[in-house]
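Just so it is clear, A, B and C label the chains in written order, and each chain counts residues from 1 on its own.
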Amino acid sequence: MVTRILLMAAALAATPVIAGEAGRTHIVGERQANAAPLPFSDGVMVGDTLYVAGHLGLDPATGQAAKDTEVEARLVMDSVKHTIEQAGLKMDDLVSVTVYCTDLGLYASFNAIYRTYFHDQYPARAFIGAATLLRGAHYEVLGVAVRPSKAKD
Amino acid sequence: MVTRILLMAAALAATPVIAGEAGRTHIVGERQANAAPLPFSDGVMVGDTLYVAGHLGLDPATGQAAKDTEVEARLVMDSVKHTIEQAGLKMDDLVSVTVYCTDLGLYASFNAIYRTYFHDQYPARAFIGAATLLRGAHYEVLGVAVRPSKAKD
Amino acid sequence: MVTRILLMAAALAATPVIAGEAGRTHIVGERQANAAPLPFSDGVMVGDTLYVAGHLGLDPATGQAAKDTEVEARLVMDSVKHTIEQAGLKMDDLVSVTVYCTDLGLYASFNAIYRTYFHDQYPARAFIGAATLLRGAHYEVLGVAVRPSKAKD
């Protein structure tokens, strides 16, 4: 487990950040750096707002969702956090989150892990029962984060 | 029915509004004022934009979704409206709404109630068939509202 | 097939754009121009941000989702593109997209079509397995686009 997370952290460190046209910055993951990249950015920053793509909690060894749902919950939140940090923001800058979950019986378990990623106040959030998710995932998490300097005006 | 809505209105009146760090204002409901609050804000205002969390149409007597789906539709929209008003905005300031619904056969019934919350024009909207929702809900409604002063620039 | 798309394009050209109060511009489709319009705008522009409603890939001859899923994928993306262009923006201005899909087995097929609507970089995206969608749809696509002039500050 710890090893997997460290491996993931090492892989994440290589994520390239690409400043696109028109002032948009695209955060693109390792998969996007592959020969056959998938057609999405992990996040797009425009002005002071970061749109965070739907993230999965993938086991880097298999490319599928981690089999243990607690591990998966940590991996998906770590992955969201990584994208946010690549954009120069923090988890507490998230203002809105949507969690898609294939089993609402995991609600309390997910919440216990989710809480540890924030201080004091939480983003607005929706928690939706999805029929299915890609790669065998139990969770897909997306959100919007806003740079505090904007918030201060 | 009327009694339930009045009870809800009384409970809603107590919702605290917390100005967070970095200019963000968090709207936190009664549940958040409890000993074991859930990890989300009902809404987060940043700059002129209010991110409205996924709301449910809960019967205050049971904490579960109202059994009558028309009552539930009114309760969920009342709850969204309350959060928006706590932030100093109005329903017509909603620019985007997503409705998750566990039974698309309720589409016409929901629309008839939904219409009564707006004047003239409507927000952009998605209406998605969810597999399941928390607390036995048929509806979960989230959105984004923008303060008109921002819209005027 | 080609005929259908041309018919759709002809129908789309008639979509009215209504500048609402408070600086909001509502993009309302043909259905909204009917005697019994549905309660949503296809898009709402506020400041430099366009909130794009959930779009379906409807066969204009039936009002239901196209039976061929590749045709449907093109129709839904054409419809999203039309709304974006009515607001004076381009597909590359999309910063965030959510795709709801009733059959995740269509992922690769959808991606192949989706790619053709963008140049170079892609929006952040979530791809969610929905239980059901309106009008027999396999896809519902929503998003947020931002005018580049805003992005340049």
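Simple rule for what comes next: a residue touches a chain if its C-beta (ideal position, glycine included) is under 8 Å from a C-beta of that chain, and two chains touch if they have at least 3 such contacts.
Keep in mind it's a predicted model, so treat the numbers as computed, not measured.
Because subunit A and subunit C share one sequence, their contact can be compared position by position; here under half of the interface residue numbers appear on both sides.
When the CA atoms of subunit B are superposed on subunit C, the rotation angle comes to 120 degrees (nearest 5).
One simple way to say how far apart two chains are is to compare their mean CA positions; for subunit A and subunit C this gives 25 Å. Residue positions of subunit C touching 2 or more other chains, listed in rising order: 98, 102, 130-131, 144. Across the interface of their complex, subunit C is touched by residues 18, 20-24, 26, 28, 38-44, 46-47, 51-54, 98, 100, 102, 130-134, 140, 142, 144 of subunit A.
Partner subunit C is touched in their complex by these residues of subunit B: 92-93, 95-98, 102, 104, 107, 111, 114-115, 118, 120-131, 144, 146, 148, 150-153.
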